[in-house]
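Alright, structures below, take your time with them.
What follows is a pair of complexes built around subunit A, which joins subunit B in one and subunit C in the other.
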Partner chain A sequence: MRIYEVFLKRDGKDEFRHAGSIEAANQQLALVLARESYARRAEGDLMWLVDRADIVSADHSFIAPNADKPHRHNDGSLVAARRKAQREAAS
Partner chain B sequence: MRSWDSVEAFETFLDGGGIVEVDDRMPDVFRDAVFAFIEMHANSELMGGLTERDWIPRSPGVKNKMAILAKTQDEVGHAHLLYMVAADLGIKTRTEMMEDLFAGKSKFHNVFHYQAVTWADQVAIAYLVDSAALMSQQAVFKNCSYGPYKRMLKRIIAEEGFHMRFGEERLLKIAEGTEIQRDMFQGALDRWWLPALQLFGPDTRDGDVLLRWHIKSERNEVLRDRWVQKYVPLLTSYGFVIPDDHLRHDEATGRWEIGEIDWAPLKAALANAGPDSARRIGNASKNWHDTAWVRAALDEAAA
Partner chain C sequence: MSGVAAGSLSDGTREFLLCLADDEHLMGQRHTEWIGVAPFLEEDLALASIGQDELGHAAMLYELLSGPGRDIDDIALGRSAGEYRSCWLVEQKCPDWSDALVRHWMYDTAESLRWQMFEKSSIDELRGIAARALGEESFHVMHAEAMVAALSLSSDAHSRLAHSIAELLSLGVAMFEAPAGELDAIDDGVVSTSMVTLLPEWQQRVDARFGEQDWAAVDTVHQNGRTTRSDSFAPMYDVMREVLLIDPEAKW
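So, the complex of A and B:
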């Protein structure tokens, strides 16, 4: 038996989203089981199954260096403050 | 993978609204508690699904038959998903959980230790038991600290909502039916009122870890009372009688006060010694053994 992660996507909307996992003997049976477990009421129009063993994953500590990089954001606050000041001066 | 130096540090994380994921190094006590909770939920979905299955050939009319077929499929599906979430905690495999269930070594909810005698029992189950289960699940979902379970509850709750609406609709039909139908439902209500009430469990003990670790978010007695306040007026509005001699409406507070609950039936059910436990576990176990050839064939196909 293999474990597959199930991803569903609604046609034309959103991205593929993780729905859960199923255990099945082969790919063909996995597709049927995933359809009957996760998409019984049209929760998606497209489905991906990924063998869990094939997932390359990174955890919090690997991602952490990118979590604290404020210089990669620009919240536009300087410009917003100037516009606000101009609006107030005009009114 | 996150880890915590102590249970205290872990609890601070949980109190701050932290969500635990499967690959986190959670304390063993938390892992065990979450696992036991999910395993019992999974077992209950499966045992519930098997009860529903009993009614596929006996449903009155093709519409009911199709609704019960769908409900059976939903319940067994929920069991599937929950067994996956439970197995990922690495304590028991899915097969081990099922073997324990069929050997009578693990628990499932009290309401699945009783027999559904008539079609009205099926309606009472859908109306009372499914609504009680839904109310508890919503309370767990709201603030559950274990991510994989919380996400799965979202889909389960959506489907249980269909079951509850099915129960509401069938109750309406029975209530507007003949005297025989109304008597039949009153009989079912007499049988199912107490088990449904007890599904919420006895009052939550102080220091309950499920609450402390934000697996549950509300106390049993609070949920039970919320259900009583909602369902007593609904049932009486149809002219049915709640089987509780001490039930009274407090005019001052506007609340329904129920009589004292005898917890012995709940204890018996959870020890797999309820009125219908032996037959149910026996049937489920026989079914598991009779279908061994299917699992063997699947394994062979995969090899």
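So, the complex of A and C:
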């Protein structure tokens, strides 16, 4: 048995979203069973199945060191505040 | 083709359509009995969903047969056992998963052939029902095929499936027995051909999927044009009418 991750995309501009996962013996069965498990009420217009073994993944230890870098959250608010102050001083 | 109004169906045609409706109804009922107890969750959902489709087909046909003073609930659940026209295959309990799966395969393979008989029906509504049913049947067959194909690779499952085929083959053939009213239905142009003409194609598909069968040795099941019920019917009939017996006003 293999585990497949199921993604559904609604009609229109929505992106594919993870709907859940499914365990099946092969691709054909995975498609049929995913259809009944996740799309029987027409929850999506398109469906992707991805074998979980094919997913390239990274865990906490790989991502977490980036959590402590506030300087990467530059939203431009400091610059905007200074320019606003300059405009007000000039008028 | 000029359409015949569904309200003016001949008695024979009504009886014939009842066969297909009752088959769908009882098959749906049997499939949904696997809710919560199928071998794994995904299969639980799939079989229940397929069962719902079959109940939907039954409801469309019962609707066609309904009229003033006889609504679809009266037809679906208000008849006596002798008035049903189901084939015996769909009446079986099949508590063994292998039997239930093989029955599902046999039934839906037959269905996908049977609905094609209505593609040129003289009744407008029936052509519509058939088109819708055929669209859904292709997924039912896909499900049954994929499941049987995957299981056939294991020797244990393969022998269990072979046992189920041997067990159910005569009932499978009996699906195609000429039901009461069939000649009238053909005369009325409601259906293009008799059911038994579909049997060779069905047998060929069985042979291709499960290996060559000894068709000459298959017992004949005496359903008497589907006018008699098998022993499995009575207990299912009681379950189907359980709610109705508590509340006669309940709607399906």
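Here, the second predicted complex is superposed on the first by the 79 of 91 C-alpha atoms of A that agree within 3 Å, B and C clash if a C-alpha of one lies under 4 Å from a C-alpha of the other, contacts with A are read in each partner's own complex, and residues count from 1 in each chain.
Just so it is clear, a contact is a pair of C-beta atoms (placed from the backbone, for glycine too) under 8 Å apart; a residue touches a chain by one contact, two chains touch by 3 or more.
None of these values were measured; they are calculated from a predicted model.
Superposition of the two complexes onto subunit A shows a clash between subunit B and subunit C.
Residue contacts after overlaying the shared chain place A:Val32 against subunit C, while subunit B stays out of touching range. Of the two partner chains placed around the shared chain by superposition, neither subunit B nor subunit C is touched by A:Met47.
Of the two partners subunit B and subunit C, more residues of subunit A are touched by B.
Once chain A of one complex is fitted onto chain A of the other, the partner contacts of A:Ile22 extend to both subunit B and subunit C.
Legend: residue contacts after superposition of the two complexes on their common chain; A:Arg2 is shown touching subunit B, with no touch to subunit C.
Clashing C-alpha atoms with subunit B appear in just one stretch of subunit C from the list 81-89, 171-179, 207-215 or 243-251: 243-251.
Note: residues 22-26, 29, 33, 36-37, 40 of subunit A belong to the subunit B contact set and to the subunit C contact set alike, using the contact criterion stated above.
By the touch criterion given at the top, residues 1-2, 23, 70, 73-74, 77, 80-81, 84-85, 87-88, 94, 151-152, 155, 159, 298-299, 301-302 of subunit B touch subunit A in their complex.
Per the touch definition, subunit A reaches subunit C in the complex via residues 22-26, 28-29, 32-37, 40.
On subunit C, the positions that touch subunit A within their shared complex are 40-43, 45-46, 49-50, 139, 142-143, 146-147, 149-150. Contact residues on subunit A toward subunit B in their complex (touch as defined above): 1-3, 19-26, 29, 33, 36-38, 40-41, 43, 59-61.
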